[in-house]
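See structure below.
When the chains are written out, they are named A, B, C, D, E and F in that same order, and each has its own residue count from 1.
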């Protein structure tokens, strides 16, 4: 149902994951996940090690934060982050590269899982793992099945349907064994036996590689999917693989499915088997104008400017810098922003491609309706949002919108449909919340 | 940095699709039918098309510039599409005055009154056409004989109108039936021939005569994804079924389905008029209801009413129902709890 | 068969609003929202049928006494009383229905469609059954026009109608185009 | 101004008085206009008759002959116009059911010799701008002073002498049909009764 | 109140058709020609003036609860009077057999009784004001209504049949047909819609 | 003739009486009580239905007024005290009076004062812009300039100034309904007490950044230096989040703080020109100087 097929532009598939040198200083925001920001545990002047817990989870949907470098805490102050606003962050000046002793830095792959399901979940929480696909939902919450629900399938999201991005693709190519072990870990935590890895057809090498190994892990299968945006959306992926629909307003677990992203699975492997908390991740730095599109393994807190520098520097004709993919990523107002847990890629768009089209009147061509993966009517939601008609918006199921941007992408009149839908959605969301309270 | 970087909400890329591309796509799809009309009606067809397009574009420009005080948007091609569609619905023997009135009604009343492109509830070209049909019924129902460029460019006066024009096959059938003749005898009598319907050598409005040219346009638009199949197919299928039932009931007093489909602008309406974006429903299910509605009303008007054709009225009526269809027929929502 | 023709005639061919010009005030006034339009149509249908029956009986009385010129006065008096009566009975008997239709009832007294249809029933010399069918068909015609119209107006709320045309003027233009479209049904019956 | 209290008595009394006054006044006005209304009604019909037959001085609306047919609706009415006891013409109310809009009613005026004097359209449901052109001179002027015995009342397409209305052959046919019906009825009565004097 | 202003308000400022949108049914139904429009307008004016005067005389004696029924009966009576008079004196067909004025207005004469203008004025004005004011009010509003009908009728007649005030002025502007749609129902709606839009602009100018 | 009139009278009177009797009983039996004062109160209200009072329209407000015992929390900002006294009179109660207020914009970040640091390219509303980022300047707290406030103003009291890119409040039209306060995603509007001649002094800044950062992003930002706080003789100024705030109730419009402010973040409006200021403007505007000197001599 629905969907679009934007040009793939996967420019960095030839570039293996390379480790970016440790930066001179990092800025580690306290809010890197869905939910309330973590509470800092260090003070100005404290010495920290790589992997040391520096901020603790504050509440249910929150996650621990660990230092990605060793050095001295410079200050705890406001810093501009990828949300576009200044928020609290820990500034650390790097001194050397001293890791916590507990972290297993050996390269060999550890296959057997010694921890029990409950222990795994606890460990995930300690390691501060969140969904690395972009939603940054804490993994330990996802891995614990709520009472009364039962997980039947674990679905691994190797779709990477956003154009340009290749981080997940690279992990699948370079760390297949680790991934499959990671899957076993999550299976154990969830208590399911079946796992399905969904990969789009445009990554035949990854499909081949994983299929080769998967044979030795019972219950894990690979499913090739046709290329379609936004198939990487949780609900769309479940529908594509299981032919089940997550009910409106519901969660995947309601129909027995749990979805983890490839990058997250790898992080889980490292956390459980190698005792390594989440403090670095793979980031794609790409764009048509960038001289060396690359996939870097980056310490969290590294500034975007350093990544761009490593990929050949910021081109002259840069129009937009995007944190994430071109469809759902956030455009940044500055390059002085740190990489966080949810940064899957840095995309540079040329000036001439960055400008939006002139806005014309809606000609009711219904292309947005046919591409909407959620069966909504974006043209209507857009205009209702524009006119602030929130009651109608709720009736028209605006809250189901996954903000994939297919409508704005396809609109021949260049209407900023998603902008208005998002505006309407945030207002409707507020109205619903206040209604629930009273 | 010398230049400021741009910040905007996602998505950051665009398909490159545009209103202009869609509109000119429709224009290209109409080309075969237009060329056929030039072939059969000669200079008259060229004159009607040019005048209609020019006055539609002209009125759009004038109204936007001087009455609404907007930036004129005539380059988006929508006025051109309206102009060609209006011309497609006119006989080639109309005096300029009538064509200009039609264009004024189409653009002025049908489109600009509601705020221009995208806001009009009714197909502008049809508003113009139906107004003319009601206002100048004689002129609008007499069609020049399809004699190609041999027909001199001459607008018949009221006196010699009968001599140089004829009626459409549907008109002939309607008249014959009223006179008590049977279908077979009407067909023989008037030399009605299905190949002519297909190739276009019959009397009629510019755009309705040649089925093959219209179908080429349809195929083009489907390939280019300008329209989907739902509306044209549901209209034609409904007409086929409905007239098929009547025909099966009594083939001597009701013409057969193929006759109904090939004549009287059914294809023109189904392919180019009913599929107008602005005035048709927004999702496939709604589009099918809409098509069925048009089909049923068309046949009712044809068989029981005074007007021999009826597609125009049917589309206009269903245009009126489109907002209701949009309101009550929704696309299948993802994850709808049934 | 004759009854079917009466229905088609009243609903499509001689639509009470679009070609007879009756009930224009509510047509323009209560057509902003689809839901209100549906409520109004229901109320009109209800009253129209009852009014036709009652005026039919009154007419018999008038004919008997040979005072046909009293038609207007007695009809309107009866209708006015009837509308109030219906309102009250409805309130008592079916609160749910009253909720749906009640608020429209006061509007109906001065709706010329009701009186118009009552007089037309007399002028067309219909018998009681045909009269009732005729009244109902007209109400359906009224509802059809009203609901269609309200759908279009609701959609236009989201459109950029030029300032001078907003509201009533554009409503008349829509009515005009709808009337034009309905002319297609001319002479079907 | 103080509003009056709504008591049962005052309400009933007021309505009673209002209706009493209204009905009395109406009854009175009715009586006053009764004759004028009746005159206007009959004048209407005789005016129509006047348009299709030569000058007369009797009241043809009171002097008419019914030509009964099988059904009540098909009955033709003959109005006889006389000038000082001389028959100057007949106005025949006739019809055709072959028209586009169903029934077409005409009043055909014949001179005593059967020549058409004039034709008036009484009732029709034809399409405006098409069939309605039968009232226009271009079409209707074909009929006066023609004798249907020689002048074939059919459109040229069907081998007759009548120029059809442009784009309205059906209406033209119906018109001819109605006039022909009047004429046939006229000849019938002539042969039966040997003339009506 | 200034009686002149009271009188003149019905033309533009409180024009029942163009501004208040009252009495739409007869406005649309009887304006296929200018003469018909005037005829309907004057008939309504007659009822309006008489009922206004009569109601302002009797309003104080009528209890509140039966107010509306009483007014309706009074209005209906005057309507019937108009009906009878028109039936007697305006029922002559035209020279070419055109329907008489009475036939043209037809159903809309008895329907004056449900014309919101009449009851509206009775309720809003006559029941609260002096007899003379009510007379002027009824007269002004009535003529304003007539004016509106005349304008609409003229537009439709000129565009639709190419004549003006036919048969009083027997003159045809154009050879052949006019735009018939204006004589038919759709034209009534279209013409009125644009007239109201124009009046909106005119009114704004007046206000300035 | 007589017979006709008798029939007429009998028929109509019969109908009339029936109607009257029925209506009477009906009216008696199904009486629905609605406080007539609601209508009266509603009539006294401005009928703007702006929702400034916090109720869904004027009728709703009127109902609440009639139903509630006191006027606590009930105030029509549009009609002001005059209307509330009228309403109170209708209901026979004391009205709560409230000082008339007017909306002011707490930002002076004109294009000149506050240079752009990025280019925004999305739907042109403040609400959407603010959902994407802090704004296209270095200041995250300032006006975004898309005019959401102008859009919601029912009284035509707000307009965008094309030169400064900021909205301007028309004091004469502003009714202090508070729609703009709600609409502004940056909370830049404040309803302040109206003073004589619409004079006002306020800190036109909401920037909570530290002095240096604030100053860098906007030349007229409040840098939280506390100079005004110290100079104020009436304790009307408070400091919080690197910002000064002037309490309109305590401020006596002495204007000491205005001269003290190093960044001109405090704005004075409606005062006669100061001596010292006129000299400054005179220097800036030589033409005027000439005129003045002519007059003096």
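Just so it is clear, contacts are C-beta pairs under 8 Å (C-beta built on N, C-alpha and C of every residue); 3 or more make two chains touch, one makes a residue touch a chain.
Because the structure is a prediction, the values reported are computed rather than measured.
K.L.:
According to the touch definition, list the chains common to the neighbour sets of chain D and chain E.
P.N.:
Looking at chain E and chain D together, the chains touching each of them are B, C, F.
K.L.:
So if I look at the partners of chain C and the partners of chain D, which chains show up in both lists?
P.N.:
Of all the chains present, those in contact with both chain C and chain D are B, E, F.
K.L.:
Taking mean CA positions as centres, which chain lies farthest from chain A?
P.N.:
The chain farthest from chain A, judged by C-alpha centres, is D.
K.L.:
Let me spell it out: compute each chain's centre from its C-alpha atoms, then which one is farthest from chain F's centre?
P.N.:
Of all chains, D has its centre farthest from that of chain F.
K.L.:
Which two chains have the greatest number of C-beta pairs in contact?
P.N.:
Going pair by pair, the biggest contact count turns up for A-B.
K.L.:
Taking each chain's centre as its mean C-alpha position, how far apart are chain A and chain D in Å?
P.N.:
Whole-Å distance between the two chain centres: 86.
K.L.:
Would you mind pulling out the distance in Å between where the CA atoms of chain B average out and where those of chain D do?
P.N.:
About 42 Å, centre to centre.
K.L.:
Need the CA-centroid distance for the pair chain D / chain F, whole Å please.
P.N.:
73
K.L.:
Which positions in chain F are in touch with at least two other chains?
P.N.:
Chain F, residues with two or more chain partners: 4, 7-8, 11-12, 15-16, 19-20, 23-24, 27, 117-118, 121-123, 128, 131-133, 136.
K.L.:
Would you please write down the residue numbers of chain E that are in contact with two or more other chains?
P.N.:
Residues 65-66, 69, 73, 76-77, 80, 84, 177, 180-181, 184, 186, 190 of chain E touch two or more partner chains.
K.L.:
Where in chain A do residues touch two or more other chains at once?
P.N.:
Counting only residues that touch two or more other chains, chain A contributes 84, 330-331, 333, 354-356, 361, 380, 416, 419, 422.
K.L.:
Can you work out from the touch definition every pair of chains that touches here?
P.N.:
Every touching chain pair, ordered by label, is A-B, A-C, A-F, B-C, B-D, B-E, B-F, C-D, C-E, C-F, D-E, D-F, E-F.
K.L.:
Can you tell me which positions in chain C touch chain D when the two form their complex?
P.N.:
67, 69-70, 73, 77, 186-187
K.L.:
Give the list of chain B residues in touch with chain C in this complex.
P.N.:
Residues in contact with chain C: 67-68, 109-110, 112-116, 118-119, 121-122, 127, 130-131, 134, 297, 300-301, 304-307, 310, 312-314, 316-317, 319-324, 326-327.
K.L.:
Which stretch or stretches of chain A touch chain C in the complex?
P.N.:
361, 380, 383-384, 387
K.L.:
Which stretch or stretches of chain D touch chain C in the complex?
P.N.:
Residue positions touching the partner: 19, 22-23, 26-27, 30, 100-102, 125, 127.
K.L.:
Which chain E residues qualify as touching chain F in the complex?
P.N.:
For this pair, the touching residues of chain E are 65-66, 69, 73.
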